[in-house]
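Take a look at these structures.
Look at the two complexes coming up: chain A is in both, with chain B in one and chain C in the other.
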Partner chain A sequence: MTDLSHFLCRTKTAFGAHALSHLPFDLSGMDACKPFVITDQPARDAGLHNLLTAAFKDSDMALGITTLTDFDDIEPLYHLFVDKGYDSILALGTGPVVRTAKRLNLAVCMGPEILRSDAGPQQINRPLLPLAFIPTLPSDGCETTMTLVLDRFFVSPFLSADLAVVTPEAMLGAPDNRILDAGLTSLAVCCQAFVLSGSPLVRPHAATGIRLVMDTLLPLIQPPGQDELLCQKAKKNRQLPLAKLTLASVLSGYIRSHIPDLNTYLIQVSGMDMALALIPMLDTCKGASPWPGKLLLPLTDPDRYTAVPGHLRPEAAIQTIQQLVRDLSWTLPEEVSHGDA
Partner chain B sequence: MEMPEYFEFCGRVNLVAGHDALEQIPGLLLSMGAKNLMIITDQGVSRAGLVEILVQSLDSRITVRTIQDEVPPDSDIDIVHTLARRYRKNTCDAIISLGGGSVMDTAKGMNILVSEGADNLRAFTGAGVLKHRLKPLIAVPTTAGTGSEVTQVAVIADPDHGRKLFFTSHFLIPDAAVIDPRMTLTLPPHITAATAMDALSHAVEASICLAENPLSTALAHDAIDLIRCHLPRVVNHPDDPAGRLALATAAALAGMAFSNSMVGMVHTLGHAVGSVCHVPHGACMAVLLPHGMTYNYHRTQTQLADLLLPLAGEEIFARTAPRDRAQKAIDQVRQINQGLHLATAGAHAVRLKDITDKNRQILVPLHRLPEIAGTALGDGSIFYNPEDLEYDDCLMVLEAAFHGEPLDRSSIRKG
Partner chain C sequence: MIDFMEILPGRQRLKRVYLTLILWFFGRAIQAAARVDHGVKSEFAAMPGHYTFCLGAFPNGPFMVVGKDAQGRVRYLGSSTANRTIHLHLMFKSINLLFVTLTLQESTSTANARDRLFVSGDVPQACAVVRVMDLIQVLLLPKFLAKLAVKRYPDWSLKRRTLVRAMVYIRAVAGH
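On to the complex of A and B.
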């Protein structure tokens, strides 16, 4: 164990079918009764906002819903929120929706001037309004970090969502390359956090994220059959694995800030690049700690892990990632394939 | 990866763990806008000199307004009300709870009163009653077992009404849990053993009970791994700071695991033994854990088999056939208990009938088992146990635990 470790995740995670039905209870537990839903056009077009309407049908909460078209101009949203007396925010969508929700929350609680680029440094050391995040796709995990990146950088545990509600019914379909990108990004973040973070709380989060990606990513990338009925079935069957992969994204956001040398290892343009960058990283630190070897456990399973002698496990972990990358590259168009790993 | 149809996980605590973790407290308090401190503890902790270590770790930015060291071994509502008055009188704005489960629960209860501006704690019992963040509370555990420093529950006795009050809310989770091995270095070996077995029982039950979920299970497995690697050495070398840090960290991980997936019959029966016979909680857990695992064997074979790796390590896991792993995990818990029994010269009991007080008086007489079984049926944790339990089942398990005989699997209910 390292000399000193910190870990804080303010977000409560809920996962599963009908998870949205718990939302009214959770919000009332935070003394909220008038939630404001922010969503994007794809979620709206797919009718996902109706899931929320249904979830709140039997509650005494009045729900306002707005679909974002302009992610840059927060002012109309701010006035709508304040004028109508909303007291909490539900962000239904992906990164841009959550970023807007965080900006709105900051503006409402700290005053809109905090968002101005010439505002002085501000410490956010008290809770903002209740914020729930309902993802509609796997992503790079930026939604569940405790940061907000505008032309200035805000960081505070209070910027984290209070709730992340991952449910298969809210999953949108997505092209394979987007799923691949999200899955490999989550894998890379979780593997790096597992190996490099000294926190005993980060590792179980990372291990769970890794297991979720290893279970779901490859089957999700397999193209569905041509038959229309089969496609329908495949689409429906994809919702649970997509939700699991989204949960991996959510977990990776919680632990992202616990990766030392973030700039060296993490900032890559695509999930595939990040997964490829894992390999030299693991190679470099395999003699320095037991964690590159222990990474084999969440990457595989206890039987395969214990069958490999301890000194060979770092190499086996690397080979497992290489194999996954090869398997995934095989199913992808040329422009997103990076050849042999 | 098996996923439950629905689960929730909330670990909203800043876990700060390390050899000089106490020195982080001033920064943590200031980041929450607090600097006028009430320290709540008990006389045992105070006599052990731990309050001085804590106070010395603070700096001039923090004012200790008052130190209250009168928390009894079983927290009750009177002390909660008294402390709330003193908190207000001393115009404090934050709390440090320094101690074990009773101190933590007292601090949580008092925090409800001072944050809500209330005078009667009974008005806040149950789940979801609290709606707002409470005053800053930092938990510094001095035992490595209960996990209360990271849980969302508090249990406080109400002697006037002859009942225990239960409080559940995410707002009860302390803002920070500061795990510093200096706080557990002086625990005697048999208490180290019992409290670690409490943590082990949290981890095992979190992994097999009805509300288990992948995050809780991952935390629980890591906790078990830490306990297996460090407990035997710490019991023999109590002044091992690295081992102490590992055990205290394991207790926090296990606490977070069970806070999110609950515990089952080991705690159902353990709470009842504790309340009828006044037996320390950890001692009950150590004895009852293998019996609880056996009782649930037919419903949780897969989860029990998965526990073998953290419980026994790689070699034993690899050379045990998959079909034998669940039973081997149970045997491993018995073996850990047996090792602790030897290492503590018998002070760590492996049968209910061997649990004694400091005057070597037997605490659990055979004739009280029926009363214990009846009491157990009223414990809330019974609902999370994988297999149903009725009075006869409780009595059967208690009798086996009393005599130290393995349960006969053929006589276990298969509901």
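On to the complex of A and C.
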């Protein structure tokens, strides 16, 4: 009998140059004409709101841009949103910005009382307002899941962003530990999904995520002290690999929506720990299924994959991950490899 | 603590002027090429009578409207879409994306592959219009620029490369 597989991804993902120029059209396709932008101080300081404003020129859409410093209290945001008649939300930033955007969306569409901790269980059973997510950094992928974690869990496909726009121009500089954590988290989620999910629909997303991490993570982690020496051009050159790593985070979020057990566990664990935990997991599975061996293909390249005999591929996949972790440990400053990670 | 501002993003005047000029010349070149170039002529011959199409940027243009009149002659009908029955819209999703294509940073086929434009109308006619656009770009631009604009540079006869091209230029400037 054929196994049952599900895959639901409500989010349209745009990646690459001029991706932001598609945003006004996509929003108007969802009947939105007055977007409310939520952003954070680093994005504002880097002038990313100007990038967004430039993309909306000639679109006849007015933008309300809010820079948040306090992510806990959404009451002023709620009143601003309702009083000025906004009809969609753009989250320009990562974790806390998107969480605030989802909370605001819930409050506007389902009533503010839904967010109260003493409110009973409520089902989100209708579409919310259009929500677009423009990441500025790689992250753990929580932004693109169907969940919202407050003092209780909200899970609904309607909580997913409608659009995720990953563009190199919107990338901020990130500290190495942040990049490492995001990259290894995405790698661990994608590898686990590739080997364990049993779903032919999840695996292509996982393979793409793995490939993106393997291509970008190591070059992005700079040797100690080199950050200060980076000139403006070198920083610009980092934007494309950063955007690719961010895309891997976005994809890992879609995958995590389909592995709910993994989802709760992953929230507390750092990327390096997850990558280390991945190795014994692959070791355990290598005799039971062909997928640890097939993992070698996205982890390396077709030439290496075909050069390794079939029965040695699981071991080669494990060695590739071990080698990556070793290389990262060498490259990272000591306080990052032993402290934060 | 909330820092809030409302922005009306405004217009990109320089881009608009550039695109309006390019589309104006492009429209006149289509009208000219439909009379002197057999490739463009045959593409239009296959279209139904009184057929009108529009190329532009969503939502406020600029636009280029071209149509066949009662006698089957191809005419550039200006830049306004108001009070016209338009059978085919080829619209770039924003003025920025139209600018990227018309400054040859991306070929028409690449723009299409990257989902930069949408079509409202019949697909066969849309394909014909894209082919006409490719022919016009080859006729108007020198080879090194046209190669950026089209997928494959055609191998044309000397007459078509020189005489027909000159005729298209003269007629486009004169408006015939």
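For the reader, a short list of remarks on this structure follows.
Criterion: the second predicted complex is superposed on the first by the 317 of 341 C-alpha atoms of A that agree within 3 Å, B and C clash if a C-alpha of one lies under 4 Å from a C-alpha of the other, contacts with A are read in each partner's own complex, and residues count from 1 in each chain.
By our rule, a residue touches a chain if its C-beta (ideal position, glycine included) is under 8 Å from a C-beta of that chain, and two chains touch if they have at least 3 such contacts.
Just so it is clear, the structure is predicted and the values come from calculations on it, not from any experiment.
In the superposition on chain A, no contact is made by A:C285 with either chain B or chain C. When the shared chain is aligned, chain C comes close enough to touch A:L80, but chain B does not. By the touch criterion defined above, A:L63 reaches chain C but does not reach chain B. In the superposition on chain A, A:F25 contacts both chain B and chain C. Of the two partners chain B and chain C, more residues of chain A are touched by B.
Of the two partner chains placed by superposition, A:A277 touches none, neither chain B nor chain C.
Once the two complexes are laid over each other on the shared chain, residue contacts for A:L218 go to neither chain B nor chain C. When the two complexes are overlaid on their common chain A, residue A:C33 makes contact with neither chain B nor chain C. Contacts of A:P204 after superposition: chain B is touched, whereas chain C is not reached.
Shared interface residues of chain A, touching chain B in one complex and chain C in the other, are 16, 18, 22, 25, 28. Chain B makes touch with chain A in their complex at residues 1, 3-21, 24, 31-33, 128, 131-133, 169-170, 213-215, 218-219, 221-222, 226, 242, 245-246, 249, 253, 256, 306, 309, 314-315, 317-318, 322. Considering their complex, residues 1-12, 16, 57-60, 93-97, 100, 114-116 of chain C touch chain A.
The part of chain A that touches chain C in the complex is made up of residues 16, 18, 21-22, 24-25, 28, 44, 53-70, 76-77, 80, 84.
Residues of chain A touching chain B in their complex: 1-19, 22, 25, 28-31, 125-127, 157, 199-201, 203-205, 207-208, 211-212, 215, 244, 251, 302-303, 305-307, 310.
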